[in-house]
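Here chain A shows up in two complexes: once beside chain B, once beside chain C.
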Partner chain A sequence: MTISFLLLAAITIIGTAAAMTLKNLVHCVLALSLGLVGLAALYMQLGAQFVGFTQILVYVGAVAILAAFAIMMTRSADPAVSHVVSSFRASGALIAILVFAVLAWATISGTSAQPILTAAPESSVGQVGAALMHRFVLPLEVIGLLLTAALIGAGILAMDEHRGNQNRGTR
Partner chain B sequence: MTGHLVTLDQIFVVIKHWLLGFVPGALQPISSAILSVVPVVIAFPLLFAITTVLERKGLGRMQNRYGPNRAGWFGILQPMADGIKSLTKEDIVPKTADQLVHFLAPVVMVIASFLVYAVVPIGRNMVIADLNAGVLFFFAIGSMVELSVFMAGWSSHSKYSLLGAMRAIAQMISYEMPLVLASVVVIMAAGSLSTVTIVNMQAGYTGIWPHWYLFTPWGIIGFVIFMIAATAESNRCPFDMPEGESEIIAGYFIEYSGFKFALFFLAEYLGMFATSAMAITFFLGGWSAPFSFLTWIPSYFWFFAKLLTIICAFIWVRGTLPRLRMDQLMNFAWKFMLPLSLINIVGAGIWHFMPAGFTRWGVVSLLLALSCVLLSRGLRRNKWFHVRTYRFAS
Partner chain C sequence: MSQLSGYLLLSAFLFSIGLAGALTRRNAILVLIGIELMLNAANLNFIAFWRYGPHPEALTGVMFAIFSISVAAAEAAVGLSIILAVYRHSRTTDLDKLNSMKG
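Coming up: the complex of A and B.
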């Protein structure tokens, strides 16, 4: 438990908590990205540079931006009035408790909870790449196929809408 | 290289170690970090100051006027005057603006722009952090700039700044893809994500010619794609839609005044320098000399010489090309740059697996040239140019 760990954990927790409690949607997105940056910093503190940078690149650079973009495109710039406490709070709390219990059980009973006496394994980008290309090549390909299908589907959806608008325009 | 030339090459490293000798052992790591960071934080804003003069004088020459020539000798003190002016100006925040986000946007932007320089190899043994995943770090931090653009545009609560932010983010997302894919070929060739290793791989010579990745078919295409995407990423002409003065006045930072505006200006130029530095690292051999008989000149000199050359090219392009339209911009990104950069990766793969010689030059060049021609034809499909008739003018 070093000071840097406590600081990063505080940033992560404050960011994610603010993302759930703030009223303004855009503030929520910004707070969430703060939490994600904190999480990435925690990964880097554990020596997993690649995972940390990928976390920032994907979640801050793509997901948060996409969420912000969606809000800008669909809503007016005025802060949206919404209730912080949702009507599904009972079931939500139940699911949260269950997820927390499973994670806590896995953490406590897992081997990583015991202190590791041997030196930490050298984790480099090369090893991640080799693992993806050799052992996990089939999952990688399957995910690639899934994402391509999603991309084509999104393209087709957008194209149909565009064509419909054109027809409406000419009529 | 002889002894004193090596010393000249490594003079900054030697000075740093000499200064570190005066620091007690417990403070060594942090003082080492400070001694690495401070010169970079000073040097690149200075380069920014020089570039503003260069750009205004250069653009002035291209547009048949003088440019700044009042402050100092030939206007050389113009950046000082600009700095004092923006420091003494009143800082106006719109009444309806989101105060906190409005304040944080330029801060986040400048921090992200400076962080990127951590992985730029400025000279031999001169890099702040030789990260294992340096290239990934560069793109990850670069994506934080987009978030600050959004923060600036949204928090100002003005339709012009919101429009500017939307344009900027759409453009940055679209051109980030070719930017990353163009650098993938270099990562493939070097077999590493570390910027220092990438430069070291290009540091050799055949005869007098260097082993830069620019001198391969996929390297040329990759460099051109990278530079076009870098122009779009840094919102410069001809891709300066986000701040189109004639349409939305100044884009996402229109509601900023005083030094906050200057910070946006600074961050924009720092971003431009950083992407240019990455282009140098990836394709132009980083700090290595262009000919083997010029290696006696210090490595950091070559880095800044290449950087200034690219900056001059940026200014030249800005003075020459007109602004693109939004649909042209998007079509160009998704229908030309993206497929070409994907084909470029295939070309780099073929290059890697074919035996060295003229055959692989021919095969890869043919593939890339053919796809260039076909893709540009596809881009022009159904869009032949006609004599334009104006309804009320003719």
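Coming up: the complex of A and C.
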């Protein structure tokens, strides 16, 4: 339980909790970016530098910005947002608290008390690349196919149908 | 309490806050963000178990986390574009008002 872990965990908890509770949606996305940066720093502290940088690139750089753009594009004309939470707020919060209680109980009672003494594992970018090219080359290809399909599918879904028909008509 | 327990507790908190957001928020985009937070909790578990597990030299946990991040990115892109399409159809992203499956 080092001081750096506590600091990064506090940043992550504050960021994600603010992202789920704030009223202004843009503030939510900014708080989410803070929490994801804290999570990436936790990955790096655990010795997984490549995953940490991937987290910053993918989540902070792409997903949070995409969510911010989606919020700006779907901002409704009426600003009369009286209550931001859904009608069954109490039951949802109760379910979440119960899930956390069960997970925390399992964690505290389940893991062994003595720490597992292993040296910090090596995971340089070169090793990760070699593993991706040798042992995990088939999953890498499958994930490339999945990302291509998701890119095309997202573009088709987000495309304005009427404007697409107009363009097709003029051509 | 060992180091691993701290990471697992943080991951449990992340999962719960994501679940609470997905269940209680009214905006569809924030529900999607809550689902992303739950996926991130799973990633933190992968990395923590890789770091404190018996065979960290195999890099299995790191690989699992990388592929999980890729799938989450694809899911976020498709989910946000579905939300945009729904918004274009019904002019709202309020999930309490999106209660009709009619065209």
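Here is the rule we use: the second predicted complex is superposed on the first by the 116 of 171 C-alpha atoms of A that agree within 3 Å, B and C clash if a C-alpha of one lies under 4 Å from a C-alpha of the other, contacts with A are read in each partner's own complex, and residues count from 1 in each chain.
Following the convention adopted for this analysis, a residue touches a chain if its C-beta (ideal position, glycine included) is under 8 Å from a C-beta of that chain, and two chains touch if they have at least 3 such contacts.
The structure presented is a predicted model; accordingly, all values stated were derived computationally and were not measured.
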item	value
Partner chain(s) touched by A:I97 [first = chain B, second = chain C, both, neither]	second
First (chain B), second (chain C), both or neither touched by A:L7	neither
Chain touching more of chain A, residue-wise (chain B, chain C)	C
Contacts of A:F50 with chain B and chain C, given as first, second, both or neither	both
Partner chain(s) touched by A:H27 [first = chain B, second = chain C, both, neither]	first
Contacts of A:L151 with chain B and chain C, given as first, second, both or neither	second
Partner chain in contact with A:V125 - chain B first, chain C second, else both or neither	first
Contacts of A:A62 with chain B and chain C, given as first, second, both or neither	both
Contact residues common to both interfaces of chain A (with chain B and with chain C)	50, 54, 62, 73
Chain A to chain B touching residues, read off their complex	24, 26-27, 30, 33, 49-50, 53-54, 56-57, 60-62, 64-65, 68-69, 72-73, 77, 124-126
Complex contacts: residues of chain A adjacent to chain C	1-2, 5, 9, 12-13, 16-17, 19-20, 25, 28-29, 32, 35-36, 39, 42-43, 46-48, 50-51, 54-55, 58-59, 62-63, 66-67, 70-71, 73-74, 76, 83-89, 91-93, 95-97, 99-100, 103-104, 107-108, 111-116, 118, 120-123, 127-128, 131-132, 136, 139, 143, 146-147, 149-151, 153-155, 157-158, 160
Chain A-facing residues of chain C, complex	1-10, 12-21, 23-27, 29-30, 32-34, 36-37, 40, 43-44, 47-48, 50-54, 56-57, 59, 61-63, 65-67, 69-78, 80-85, 87-88, 91-96
Chain B to chain A touching residues, read off their complex	98, 101, 131-133, 136-137, 139-144, 146-147, 150-151, 154, 157, 159, 162, 165-166, 169-170, 173, 176, 192-193
